[in-house]
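Take a look at the structure set out below.
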Amino acid sequence: MLSTKTNNGRYFEDFTLNEVIQHAAPRTITAGDCALYLGLYGSRNPLHCSQPFAQSVGYKTTPVDDLLAFHIAFGKTVPDISVNAIANLGYADVRFIQPVFVGDTLSTSSQVIGLKQNSSGKNGVVWVRSTAVNQQNQPVLSWVRWVMVHKNNLDSPAPATVVPELPDFVAPEHLTISSDLSAKKFDRTATGGQYFWEDYQASERINHAAGLTINDSDHSLATHLYQNNARLHFENLYFLKDINVMDAVQIQKGKRLVYGGVAISMCRALSIDGLENAISIVAINAGTHANPTFAGDTIYCVTEVLDTWRLPNSDFGALRLRMVGIKNMSPAHLTEFKTDKGYHPNVVLDLDYTVLIPRKGNY
Amino acid sequence: MLSTKTNNGRYFEDFTLNEVIQHAAPRTITAGDCALYLGLYGSRNPLHCSQPFAQSVGYKTTPVDDLLAFHIAFGKTVPDISVNAIANLGYADVRFIQPVFVGDTLSTSSQVIGLKQNSSGKNGVVWVRSTAVNQQNQPVLSWVRWVMVHKNNLDSPAPATVVPELPDFVAPEHLTISSDLSAKKFDRTATGGQYFWEDYQASERINHAAGLTINDSDHSLATHLYQNNARLHFENLYFLKDINVMDAVQIQKGKRLVYGGVAISMCRALSIDGLENAISIVAINAGTHANPTFAGDTIYCVTEVLDTWRLPNSDFGALRLRMVGIKNMSPAHLTEFKTDKGYHPNVVLDLDYTVLIPRKGNY
Amino acid sequence: MLSTKTNNGRYFEDFTLNEVIQHAAPRTITAGDCALYLGLYGSRNPLHCSQPFAQSVGYKTTPVDDLLAFHIAFGKTVPDISVNAIANLGYADVRFIQPVFVGDTLSTSSQVIGLKQNSSGKNGVVWVRSTAVNQQNQPVLSWVRWVMVHKNNLDSPAPATVVPELPDFVAPEHLTISSDLSAKKFDRTATGGQYFWEDYQASERINHAAGLTINDSDHSLATHLYQNNARLHFENLYFLKDINVMDAVQIQKGKRLVYGGVAISMCRALSIDGLENAISIVAINAGTHANPTFAGDTIYCVTEVLDTWRLPNSDFGALRLRMVGIKNMSPAHLTEFKTDKGYHPNVVLDLDYTVLIPRKGNY
């Protein structure tokens, strides 16, 4: 007697405009999560590994790495939103609203804010605004993403087309700067960085020297840690699921697609070289996973400074940055990331994000 | 001067009926252990990752994953019991007596409860009942296993044959349900599950969709975390130890056998899909590692419902389940796990176990 | 506009005798760090995994594994000292001054104590004494190492040659034994060891039986956990960085060199078999990474007892040991580690270190 209790996820016709989906598996973040994340990417940002440094900038203790919190909050949405996705089309308006500390419990919900069936009638685009709250029900993260999802029943009627208006970037006045944060005692010895907000200018390009080779075990550990259960990250045989056993044994095994968030974390850790004092991410303005990555690829990173904002009432300024992830190629050898034909095949990530960095007069 | 201080482990003739062996390396379980375990298997069971959920069912905080506690307690027995084992023949009467929390220290001892020399005179079967206690000396886990062990001195006399009587399964009246546990505030949004005790019936089969590819680094991390030191899990060259260096370099390297507990944990995590509300394991009734697994294998899981027990004086009922682990093959393609010729070559695990799940009237 | 903000590290001419370099990224050690370290090497030393055992020998709680603290403290020096190193030539006078506990924050500084330009004029040797302090500014670790570093500007003048005098070993009277430490309640059941200080004698050789195969993901996790950012441990393509893309795709990928500290930790964990009661490292007297290791290598270990010291005013005695790491070869097959032609090609590590072990009259 075959059970129908397994969850095959939502198809395009299962999403309704404005509905709110509460995602399962609330998560209490522990010191163990932070250590494993550090082991995966090796970040040297003292805000997340040194309690005295965190206290010197005004926090009670070390906040959890911004991207660890994001990936965990994001992971909860996967079973409900993107398990039947054909493509993750983009992110927008990602706001890091308040810091997350060890012991905090994150829960995530998503509201459907846009729907558009594709002309083929076989699939459609779903826009969701997701919000993660802590155990006091305070929002800590908020973001929009949109995915292309299969229809299961091709006869189901197309919904009314609603395409949400999204900002090109999170404007400086919408950035949330913790009132605890102060640069008065900022210890540049702890960061190892000598450059501050005034030292960066738009159009500056930083070719970060170091790279990082991806292992299957690494990205699998990371993606499990985020409780992201998208099958294509975990199963060599996923794409072969409909062929029979003997064939599966004969055919060369498939590869596991690396979760896009892995490249973001790698690039963030690599880009600390030259951005040592940019200790916090406050927004992701837009993001594209331009090409897939697999185990064996070595990831490099380039940063371009897009804009610099002074920020009123804060010791910190903001840098709007472009983070470009490149596979198997030195940043020095790649000048054009994207042409009118699309992305260079070695570009894996194009992320527009905003960081905080002390201004010189304030530390 | 060559030392004789290394420990080669016990051989069959070294075990005496009724003797009690106290195993080394008591272990204080930390939040780090739990995070690494989560990173290895990606379980979305909120009982082990959400403090508010754990409190909502009556616990003071999140208990440690049942299988993490079991593997750690079990790992302690390996140096004394199974380091010279030819085969782990089976488990029985595995009882999860009380929850384990971060900060608890587990110590394990084993009593020899059965001995039977094989007719070849070269080896024999040893049965042990192992018990793990916490720092208050309260039993938290108890289980029987039996292993086939080499004799070292073939001239040593055969012991009297004693084969213990073992139950086919842990009867409902022997299950220990924590008096703290209540389903009154059970949050099905946190589990993401809509099915409860009344919804399952004997002979129901759930083909869990997702799979998980094993990496050498993953199973090595897991088995080290359990301080299980059986050599065949860690050494590519183990089987080549008696050949000379140049040969070892020439010959294609061996493979590391994956610890059987890894498949159990993988299947438990995969089987949450369709069993979302089955939050705790209370017994393992029987278990067989039907075929070996190695890095590169992709594991899938099927659950069969064997029995349903109402349980008096509890908001929870019990499901007796059969968990079948399958390698490199979709569950949908395998109907017969075992024939009179033995297990299908793709079946790696056949585990009979019991879980708790709320009854409908009680949450 | 290409930025010059990236940090290319110091070259030989950038070091000045007696200068003190304060390294970045102070690090608060957590239970997560300890769990990941345990998962990597599987040590069964109860001092680091059992709170009751640690308390039984006089500590308030479990101290962090000596080598985890060392690797973390050491990792901080890499960006400033050895990122342009051609070779790590040696360690000397490594002292473990006081235990490190979860919650302690380690900061490391280094003083240049020797400089010698090589006759080629292209590089030179730099000696540094590094010291790690905790959050109370108390020294916890101190060591000397020397590295050969490239010159960047070959025209820069050679510094005056200063070669520091270094002890062959840390003399017993310089060992720091925590005044908390007592063997009165030493629980040999917890260690699983039956041999004590009096049972070991100089020239004794222990061939530890078990081995451990290295995975790329394992050594990458370890080296990231230590925030050691030397590129050759993380990038398959590192050695190909100056060739163009198409070539890089054509050429067989490079391998990542395993950080030498990984072999030290592996050998320490393997050598517990026969040294179960040697619970703490108090000094590393000298060390050489004799040959490189890569993923796929299986590491074995031999211990030779070099000396035994009684230690006044302590329940513990000291053993000065030689730890030899061997790759892909059984210790039983290798009698001569080093001849006048140099190290055997399978020897990867030759470490002279000192451990504490209870004396018989004292527990």
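Which chain is which? They are A, B and C, in the order written, and residues in each are numbered from 1.
The rule is short, and it goes like this: a residue touches a chain if its C-beta (ideal position, glycine included) is under 8 Å from a C-beta of that chain, and two chains touch if they have at least 3 such contacts.
The shown structure was predicted, so the numbers you read here are calculated from the model rather than taken from an experiment.
Here the C-alpha atoms of chain B line up with those of chain C after a rotation of 120°, rounded in steps of 5. Interface chain A/chain B: under half of the residue numbers present appear on both copies, so the contact uses mostly different residues. With centres taken as mean Cα positions, chain B sits 35 Å from chain A. Multi-chain contact residues of chain C (touching two or more other chains) are listed as 30-33, 35-36, 215-218, 221.
By the touch criterion given at the top, residues 1-3, 5-8, 22-28, 30-33, 35-36, 79, 103, 105, 135, 215-217, 220-225, 227-229, 231, 234-238, 241-242, 244-245, 248-249, 253, 256 of chain B touch chain C in their complex. The residues of chain A lying in touch with chain C in their complex are 30-36, 38-46, 49-53, 62, 189-193, 195, 199, 201, 203-213, 215-218, 221, 273-276, 296, 298, 328-330, 333, 346.
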